[in-house]
Each structure stands twice: as C-alpha cells, then as structure tokens.
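Before anything else, here is the set of structures, which you'll find just below.
You will see two complexes here that share subunit A, one where it goes with subunit B and one where it goes with subunit C.
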Partner chain A sequence: MEIRPILSALLRNRTGAVLIALQIAVTLAVVINAAHIVKQRLDLIGRPTGMDVANIFEVHSFDFAGEFNYRERVRGDLELLRNMPGVRAATVMNQVPLSGGGSSSGYFREPEREGPEVAGNHFTVDEQAVDTLGVSLSAGRNFRLEEIDYMDLDNVDVDSVLVTAAFAERLFPDGDALGSTIYSGGGDPLTIIGIIEHMHGSWVDWEELDQVVLLPVYVEQDFVRYVVRTEPGRRDEVLGIVEQKLSELDRERAVRGVRSMEELAAESYRGDRMMAVLLTAVIFLLIAITALGIVGLASFSVKSRTKQIGTRRAIGASRFDIVRYFLVENWLITTGGVILGSVLAVAFNLWLVRTFELPKLDFIYIPLGILALWILGQLAVLGPARRAASIAPAIATRTV
Partner chain B sequence: MLKMQHVSKIYRTDLVETHALRDFGVHVREGEFIAVTGPSGSGKTTFLNIAGLLETFDGGSYLLDGEDVGRLNDRRRSRVRNEKIGFIFQGFNLIPDLNVFDNVDVPLRYRGFDAAERRRRIESTLDLVGLGSRSKHIPAQLSGGQQQRVAIARALAGSPRILLADEPTGNLDSLMARQILELIEDINARGTTIVMVTHDPELARRAARSIHIIDGKVSDLEPFDPPAVAIEARASA
Partner chain C sequence: MFRYYLRLALLSLKRNPILSTLMVAAIGIGIGVCMTALTVYYLMSADPIPAKSSQLFAVQLDSWDPNQPVSEARPEQAPWQLTYRDAMALRESDIATHETAMYYSARIVVSENEAVPPFLAWVRLADADFFSMFGVPFLYGGPWSSEVDETARPVVVLSKRTNEQVFGGANSVGSDLQLDDQIYRVVGVLEEWNPIPKIYDVNNGPFNDTEDIFLPFSLAELASDRRSEGNTSCWKDEDITSYTGFLNSECVWIQYWAELDSPAQVREYQAFLDNYVREQQRLGRFERPLNNRLTSARDWLDVREVVRDDNRVLVSLAFMFLAVCVLNTVGLLLAKFAGKAPQISLRRALGASRGTTFAQYLVEIGLVGIAGGLLGLGLAFLGLAGVRSFEGEYSKLAHLDPVLVGAAILIALLSSLAAGLYPTWRACRIPPAAHLKTQ
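Presenting the complex of A and B:
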C-alpha cells in the first residue's frame, strides 16, 4: 500500500485535506448524537403501550337540554355502541390513555397517608374497559357488572381497583399486591382485585406513565366520553358512522370529538416526532454536504494533478492503481476526520447530557458512524477517482 | 528490441483528420542509442508515445522486446511500461509533493517489489545519478539538472530494457544539458537501449544513429555505429 507517500504528500499540501477532515469530524459528532436522539425518540414513540391502539377511538356526548337521565343515556348509548357491527367492546372513561389529559393522585399502603407514596394515573371505567383497551390481566380478575357504581364527580368512592403491574411493583416491591388494600390521597381504602400486565396512562412524557389505576365507576355528568374498540381493521368504518348513529338515538345533545387513539397518541408524541424528523433532516443534510465536500476536493485534486496522474500512468500505474490512490487518500483524510470526530462526539454528548439531561451516548454509534463515513467517503471519491483513472498516460509527454 | 512496421496513427476530430504517422517503420536494436529528430509537428512525440505504449496506433505492427504489443489491453500495457520502459520527460514530471526517494519509489511500488528491494534499487540509482545525499529533498529544492537526474533515477530504478527520452535537456541550460547527456551516454554504455527525441542537431549527433521524421514518415536512416566511448565503457564494465 502507498499509505506513507500519500500521507506525506497530504501533509505537504494539507489545507484542503484538513478542511475536509474537520468537516468530517463535525459531521460525525453531530450525526452520531443526532442519530442517538432520533433513535431515543423513535423508541419512545414505538414503545409498547399494552393497548390495542390501532383499533380504539373515542366519541363524546354532551347534553345541552339540561334534562336528561345520565344512567339511561349511558345504558342506551353503550347498548347501541356494543351492538354496532365491527365493535368489539365499549366503555365510558373520564379520559383516554395517551391523550395528554387525565388525573393522578398519590396512593399509599397505609391509611392516613403513611408509608411510601406511589403516583397512579387513574381512569374511571366499567366492566368492559379491560376488553375495550385491549389490556391483559396478569393476575386477579376483571370488574364485575355489579361492581360498577354511579357517582358524582366530587364524590367518587369505590371499593376495588385494577392496577398495572408497574404500579403494583412500586407500591408492593415484595409482590403481594393482589388482594391488598391501598389508600387514596383522601384515605379511602381500595382493594386490588386484578393486576394489568402493562398499560400506558395519559401523559407520554411522564416518567410513571405505566403506573395506572382503574376505578369501577360511572361519573354522572352531562359530558360522557365513550371509548370503543373495534375488530381489527374496522376502526375507520365504525368511526365514520358512530356520530350519526348516536345522534339518531337522541338529538337533544351534541355528539362530537370522534378521534382515534392513534391520532391522540400522535398528537401527544408530536414534539418527539418533529424532533426525530428535524434531526433526521439534519443528518441527511450534513451527510450530503460532507459528500459534496469530498467530491469537490477530489475533483479539484484530479484537475490540478492531471499531469501527475498522466505521469503515474506513463511509468506503470494501471487504472486501478490510480483509483486506489484516490480511495486511499480519501480514506486517510476520512480517518483523520473520524478520529477527531469521535472525540468531539463524546464531548458533545457529555455537554448534551449535562445541559439537557439526555441519556448518555450508546458507544455502538461511534463505530457505526465511523463505518458510515468511511463508506460515504469512498463512494463520494469514486467518481472523481474514476475520472482520474481515465486520464491518458500520453498527457505526460505534453508540454502545454 | 523495438521494431515498428507500417505503423499509422490518425488523430480525428469532428472536422479534421491528422495523419501523425503514416507507414512508419523503425528498428532499434538492443543496446543502441538513437536520436529521433524532426521539425515541430513531424510526429516525433507521437512516435515516442506509441513506442512507450502511451498511445495506441491505428495500423501496422509493433514488437517490443520480441512481444507484439499492439493488441495488449490497458492493464497489460501498464505492466509493460512499468517493467520494460523507462521514461525521461522534458519537464521532468516529478511529483512535487514527494521527496526524491519517494519519487523514485513510485514505479517500483507499482511493480510490487518489497520494501527492502525498493530501497536497494532507489539508493543504487540515486548514487548512479549523483543524488544519493539528496533523497529527502523535494523537487522544488533541487535545480533543473538535479530534477532531471531524479527523473532519470526513477526511469532506471526498475531496470528497464529501453529508455525513452523526450527532449531530456530541453528545459536545461547548456552546462546542465551536457551533464545530463553524459549521464544518458553512460547509461547506454551500461547496456540500456536509448531512444531520444530531440530537435537539437547537436544533441542528435551524440547518438550512435539518428532517425529523421518528416510528415509522420522516417526520412533518413543512418547505420548503427556505437560511439567509441560507449564501446570502451562496456568493455571496462
């Protein structure tokens, strides 16, 4: 290999090479950290929710007549919803998970707010909530129909709850949550009758997102939020007619707010998604600019060394030797850049960790980034290198 | 060593055809030192390019060291150039970013010699041209004559069968030109065949034989008559 003479030639004529190496270093540092953040955001968006998100939607009913029977309204609406073709289950909830709206409170193992407090994102539901949300029980049982009570918003008082495994493990690290009594912030005792394997709550950026408590209650008010789960692939079909069907049942109210859980989740993750899209654009832009820089330097190098290349050909270089020369030269420049870039990438990540509390860089990104830039460099220089190889050896004997 | 018969070379553009060589024939024997002369545009450089496999030709045949080199592919032509031919250019054509040692090393790397063999050849040829102590200098730090000596060392390092020189003293003052010519004569005396293109009649007279080209054809062939100095040098070697 011609590494030593190429390196010594580069060092004698270093300006362009140093600039490209610096560009590669900055590209590596930014691309690695950007890719790390993008991956983190995509992992966040794509993490399992425990629910059948793709087949769930919500629809609201708001009574404006003032004289209506909540219990009859809910009974009638649920009967209609549950009997619609394509519907698998329907329930009434105070909020929809992943929507960004909801309530939480602290729960205790001891009355009088004693002992460790664990936050729980609570939802009011009925006996079809487990099936409607598509969650699985890992222990215990679901609510029974007779356990669902009707109460005022300011006077919710239930005896039993379903909690997620994450919530149970936090409050009962020894694993004896099922059947245990817990206490809400108001001191009401609640018996855990079932453990939900996994389920996300309302706020996607909340660290305790998977600490959920389901309360068996219909909260009587003029606003009702129905949550419906359809058979797989039939969500849009049902979602398209549900507003009309409910309205036909009783026109003395407004039926609105038909939104899929996917839509709600997408809105909640909009910031993360935007960040991922923006950073991906930055990655591609930087890579394109770096590739253009390499092509530019190599093209300039070929143009300014035409006679030299012709001479090399004349004294025995094959076309492959010329292509290899430029590939090796580029590899050396890129290697210089990625060595510096690796240090920059780590430093940049430390700054991000300290400033924005981002997670530390997974070091696998560094060799992957180096490999990507090596390949990028070789591909970018291939065109100019092939042009160089096509220079006729007879150029060596030309005096002008 | 070098035998061309009925060689023709035509340069074509959209508008014109230029017959650079037509029915061109020449026979250079092993150990000869011949000068190729002719006015500008006569075809001297075209002949040199074809002889050095830097260009292809359109018709005729060309045997180099007994091998028909007219039909070789590009890779094989590169190989033949590297192994059998040494080039000396008017403008030296050294690589400005490489020092003297690395310049001489360039064709040897293409040849695939190992590092020890390359070093031995480089040091020996640099000693031969009197630049053994300048191996770390870059071309810009050398005079024109010294640069041409480096180019000669580069041409000789691979032990070529034939040395093709294109106006080797064209860019040098008379003192340096004389020294370079003496070096070339010395190389010839050691047995290397030399073909030198020049339009300087004085220089051509130093060769054992001259070929005069006019309008792409050999116009005059002089008999092979090695100079006495060369015969003496060979006898003492």
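Presenting the complex of A and C:
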C-alpha cells in the first residue's frame, strides 16, 4: 500500500486534514457521550415496572356537601366499577404508582426506631390491589377482605403489610422477611404476610423506587381515588365512560381526574424522554454536519489537485488507484481524529460524571463510535474520490 | 468603505453559492441547536422577580432530627420548610417589612352556575403581604386586610382563569363563592400572573402553574378536612391522632418568606431567628446546632437546584456541537479563500494593504454569521416547538424572547468571526507576485 506517500503529502498540506481530524474528534466525543446518555435514559424508561401499566387508570370522586358516608360511597362505587364490562379489578389507593405523588416512611426491624432503617414507599389499598396493579406475589398471601379496615387519616393503624422483594431484602438480608414483624417509626408492629416479586412506587427518579409497602386500609376522606385495571386492550373503552357511570350513580358529588397510568408514567419520565429525543437529534445533526465537512474539504482537495491527479492518471494510475488514494487519505485523517476523539470522549465523560453525577461511560461505545466514524468518513469521501477518478489524463498536458 | 465591502462580500458569496450555503447552514444549525438548549436553561434559571429578588428572603430553621441532618447529601442545609408552630411564632415578629407564611392545598369550587360543574382548584394559603411581596398584579379589588391574617375570615382572591371559569370574567369582587361546603367572599381577582420559576414555592413543582385560588393563611387552623397538598416531611415519632396534633408536630410543610430592605434589617431578623431558636432549645426543641438561614430570592434558585443537571449537560453538548460547526466553517472558508488567491493578489498588487484586505473579508464572514444567526433562529424556533411538544413545564420553558434573539445573533457573529480569523489571516499573507506570474 502507498500509505507512506499519502501520509507525507498529508503532512505537507496539514491544515485541511487537521481541521477534519479535529472535527471528527469532537464529533466522536459528543456522539459517544450523547449515545451513552440516550441509552441510559431509554433503559430507565423501559425498566420493568412489575405492573400492568397499559391497562390501568385512575378516577377520583369527591364529595363537597359536607355530610356523606364514606363506606357507602366506596362500597357503591367499587361495586359499580368491578361489575363494569371490561373491568378486571378495582381498588382504592391514596396515590398511583409512577405518578410522582406518594408518601414514604422509614421502617425498622425493632420498635422505637432501633436498628437499620429502610425507606418504604407506602400505599393504602384493599384486597383487590394485587390484581388491580397486576403485580405477582412471590411468597405468602394477599390481604383478605376482612383485613381491610376503615380508618381516619390521623389514625391509620394496620396489622399486616405486603412488601416488595427489594424492600424485604434490604430490611431482612437473610431472607426471613415473610412472617416477620416490622415497625414504622414508633408505631405498632406490622406483620409481613406476603412478598411482591417486583413493583415500582411513586417517584421514578428515586433510587429506592422498588421499595414498596402496601397497607390494607380505607382512609375515610371525601376525596377517593379509584384505581381500575381492565381486560387487555379495553382500557380506553372503559376509561371513556367511567366518569359518566359513576356520576349517574350519585350526582351529589364530582367525578374527575380520569387518567391512565401510561399517561402518568409518561409525565414522570418527561425529562428523560426529552433528553433522549433531543440528544438523538443532536447525534444525527452532528453526523450530517461532519459528513458535509468531509465532502466539502475533499471536493476542495480534488479541485486543487486536478493537475496532479491527471498526471498520475497519465503515467499509469488506474481510476481505482485514484479512488483508493482518497479513501486511504480519509482513513488516515479519520484515524487521527478518532484517536484524539477517544481521549476527548473519556475526558468529557469524566467531567460529566464528576459534575453531574452521570453514569460512567460503557467502554464498548468507543470502538463502536470509531467504527461508525470510519464508515462515515469513507462514505463521505467516496463522491469526491469518484469525481477525482473521472479526471481525464489529458488534463496533465494543459497549463491550467 | 464599509458599504463597498458589503457589496464585494455579497458578490463573493453569490459567486460561490454552494460553499456559501454550506457555511451559512453549518453556522445556522450550530446556532439552532445551541439556542434550543440555552433557551430552556435560561428560562429555568430566570429571576422571576428581578425588582425584589435581593429583598425577599426565604426563611429556614433547623428543627430537624438531632441524630441526622435533613439531607445526607447536603448536611449543611436546614429543612426547606417550617413547622406550623414555628411559622406562627415568626408571624408575631414585626421586624420584617413584609412577611408571609404559606402552603399549597386544594378546595372544591361549587359554582351557583349549573353550567359549571364542581371542580378541584389548587389553593395557596398565604398572608396578605404575599401579594405585595411578590408583586402580584390585581385586575379587580385587592388583597384582604391584614386583620384577616389575625382573625380568620372566609375571603378569597381568585386567579384570572378561575374568575373566568366561575364568573365569566366579570368583576366578581363582593360576590360569594362556595368552596367545599363554605361560602367565601371574593375580595380580589388577579391579572394573569405566572412567575417562572415559581419561586415562592419550588417544593411543589418549580414550574407548575400558579394556584387557582388564594386564601388567608389564618384559615389553616380550621382546615382539618383540606390539608396541605404539598410536600410534608416529618422525622419525629409523635403520636399524631388529630389535626391539632399535626399542627403542633415537628413536621415541616410551611414556606416562609420575609422582605428585608437593608443589611441592618437582615442582621436584626437573623438575630431574632437565632434568639427564637435558642428560646425553643431551652424548651427542649431544636436539638441540632444553630442553623437558621436567610436566603435571598436571587440565591434561592441556585440553593434549591431548580435548574436540572440535564439542562446543563444539554447546554455543554450544544456548545461542543457549535464547536464542530465552527471547525467545519473554518475548513470551508479555507477552501473558499484558496480559490481566491489570484483575486486577492490582484487587489494587493493594485495597492490594497493587508489590513484593508483583512477587513474586507471579515465583513464577508460577518455577513455569513448574520445569515447563519437568522437561519439558526429559525431552526431554534423549530427546535423549541419540538421541546414544547413534551408539554408540562416545557411548554413554558421554550419561548424565545428579545434577549435570546440578540444572544443568538451575537453568538452567530462571534462564532463566524472565530471561524474566519485564521483563513482570512492566511489569505492576506499570500505573496501577490507568485499568483500574478502564473496568470
């Protein structure tokens, strides 16, 4: 291969090559880090939630007349919801998982806040919650109907709880969570009667998102939040008429706030989605700009070397030799660029990690990025190179 | 002379349409990406009350758990909010020019108009001073009197949109409005008011809309059925079995702001806070080291980290993007000027100095920069429309304003000049004789 003459020609006319190499270096650094962030966000959004997110929605009922009977209200509404065609299960919850609203507290193995503390995102539910959320129990049993008590907000005091496996493992690393007693602060003991395999809680940006505790209680308030799960694919049909059906049951209250869990989750992940979309756009634009830059400079170089190329053709170089010259030249420039770019990419990532606590770069991105830029460079230079190959040898004999 | 250069520049740009287009496109796309990222950042970190942001102070008292700071990540910090009892105690002081305790809640609006079904409205309970402190504009009426802050009365101030919803936009001052099962008297209706960020309460969505309804904070005591809908944090094991128990608990949920007009007043208020806490320490509360903080509204957004890291990352990536665009333009300009060697030589031979040649080409590059800036603004407009399509807070954080438009043109000019400096310098160093000979 004629690498050496190409290299020495490059070194003699450095500026253009250095510019392209620099451009490729910065491009690599940006593209690798952007792709890394995009992948990380998509992974975050796509994490298994443990729930049947696609078929769940919430609806609120609120009484404003002062006097009303909570128990009758909930009993009547739940009966209607559970008997609606297409509905699989319905429950009453204080908040909806993935929605960004919720409560958490510290849980202990010992009374009086002794020993290690583990945070749990707690929800108040009834016996249909497990089926409504679509979570599965890996051990123990679900709440029984008779275990669900009615209590007022300031006096929530239950005996049994369901917890997620992640919560159980944190509080009971030895695996003896089922049947054990836990304490929320100085409160009364709670017995773990069942373990939920996996379930996400309220705040998608919380590190302990999968540490969930379900409490069997109806909290008596004039604001009731129903969570409903439909048969697969029937969510929108049920969701469309639920407000009207509940209102018809009793017009002396307001029924509002029908929102699918999908919608709530999408809102919670809004920032991550925006980041993924914007950075993907940045990646594509940057690649386009860099490709255009390579085409521009290669075209210029073909134009200014017309006579030289003609001479080479005249003394026996084939068209393919000319094309190869430009391909090899571009490969050399790109290689210089990606070497510098890899260093830049790692440095930039270190800065991102240190300043913004972003996750560290997965090093597989570097060879992938290099490969992509090699291919990009070759494709971009192909057009000008073929134009160079079509220069007639006779041009060598002309003066200009 | 400048006009002559301008004409030459236009001619030169026209002579090489492909290269000129590529340059304008490179700068334009760079500016478009940069301005999209910068706009969101700029609006997120904007000072929503520039006239008063150095006089308004967020008040913090460290009433947290003696065994651990409120945040392990930021152990120097005190809780962002106050307990109800401390807020009530601070309200007794008359050191501050104005002050307000406040929190976020909800009520159900029941309109007499059958056509308006009952709806859930977001409510801010605050003291009368809130409106003057944060420069809240009134369309009709005004705040309630400060006596209401002492003795609760059922009065209400409506946001413009709530007034439109319930009263069709008419002057409703003096009208009655039913919230839950109680009748309130409307005393004021606000103008459109939407500070971004919502500086007075960044705990509950710093980019959320302002509340629909404003009620006197003095009603909090009676509002056992409609409690705070905002962030509430508790650390102590207290046997809370009633609303009164909650009000007297160590849970923090009240935002507190004081207007302090001079450094002396700030010092006096700080001393007052410290004395209050020392007094409480003698009563067995506030077991942590003294850590009472007054933070001006100007610094509050930084302290509360309202701008998300993601937006900083976007801005840094966007500027690297612009760097690639500038490098690209350098290459294109080199190519362009290389082709101009004979022309430059001719002009130089005819008496143009290096300086004038340099100036002439900088005008041309400046022109490319301005064109790129305009294209970039167009692209930023599209980019921001894309950002707005994510809705939520982004629909408020993605609008160009005159400052941003100016910034876009300036950045475009600077980056095109940065791109042009080296190629122009090189072009001007061409020895005229060499090129004149070959012709």
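Throughout what follows, the second predicted complex is superposed on the first by the 398 of 400 C-alpha atoms of A that agree within 3 Å, B and C clash if a C-alpha of one lies under 4 Å from a C-alpha of the other, contacts with A are read in each partner's own complex, and residues count from 1 in each chain.
The definition used in the following text is that a residue touches a chain if its C-beta (ideal position, glycine included) is under 8 Å from a C-beta of that chain, and two chains touch if they have at least 3 such contacts.
As the structure is a computational prediction, the values presented were derived from the model and not from experiment.
Engineer: With the two structures laid over each other on chain A, which partner does A:Leu340 touch: subunit B (first), subunit C (second), both, or neither?
Structural biologist: neither
Engineer: So which one touches more of the residues on subunit A, subunit B or subunit C?
Structural biologist: Looking at subunit B versus subunit C, the one contacting more residues of subunit A is C.
Engineer: First (subunit B), second (subunit C), both or neither: which does A:Ser8 touch?
Structural biologist: First partner only.
Engineer: Can A:Leu382 be said to touch subunit B (first), subunit C (second), both, or neither?
Structural biologist: neither
Engineer: By the touch definition at the top of the document, which applies to A:Leu19: first (subunit B), second (subunit C), both, or neither?
Structural biologist: The answer is second: A:Leu19 touches subunit C but not subunit B.
Engineer: A:Ala392 contacts which: subunit B (first), subunit C (second), both, neither?
Structural biologist: Touch status of A:Ala392: first partner only.
Engineer: For A:Ile45, decide between first (touching subunit B), second (touching subunit C), both and neither.
Structural biologist: It touches nothing on subunit B or subunit C.
Engineer: For A:Leu327, using the defined touch cut-off, is the partner it touches subunit B, subunit C, both, or neither? Pick first, second, both or neither.
Structural biologist: A:Leu327 sits against neither subunit B nor subunit C.
Engineer: For A:Leu368, decide between first (touching subunit B), second (touching subunit C), both and neither.
Structural biologist: neither
Engineer: In the overlaid three-chain picture, which partner chain does A:Leu352 touch, first (subunit B) or second (subunit C), both, or neither?
Structural biologist: second
Engineer: Which parts of subunit A are in contact with subunit B and also with subunit C?
Structural biologist: Subunit A residues touching both partners: none found.
Engineer: Touching residues of subunit C toward subunit A in the complex: what are they?
Structural biologist: 19, 22, 25-26, 29-30, 33, 36-37, 108, 110, 117-120, 180-181, 225, 227, 237, 239-243, 245-246, 308-310, 312-314, 316-318, 320-321, 323-325, 327-328, 330-332, 334-335, 338-339, 383, 386-387, 390-392, 394, 426
Engineer: Using the touch definition from the top, list the residues of subunit A that touch subunit C in their complex.
Structural biologist: 15-16, 19-20, 22-23, 26-27, 29-30, 33-34, 37, 60, 62, 64-66, 112-113, 153-155, 185-187, 222, 254, 256-257, 267, 270-271, 273-275, 277-279, 281-282, 285-286, 289-290, 292-293, 296-297, 299-300, 303-304, 348, 352, 355-358
Engineer: Quick check on the complex: what are the subunit B residues that touch subunit A?
Structural biologist: Against subunit A, subunit B makes touches at 45, 48-49, 52-55, 74-75, 78-79, 81-83, 87, 89-91, 93, 95-99, 102, 105-107, 109-111, 138, 154-155, 158, 166.
Engineer: Tell me, which parts of subunit A touch subunit B in their complex?
Structural biologist: 2, 5, 8-10, 12-13, 307-308, 311-321, 392-394, 396-397, 399
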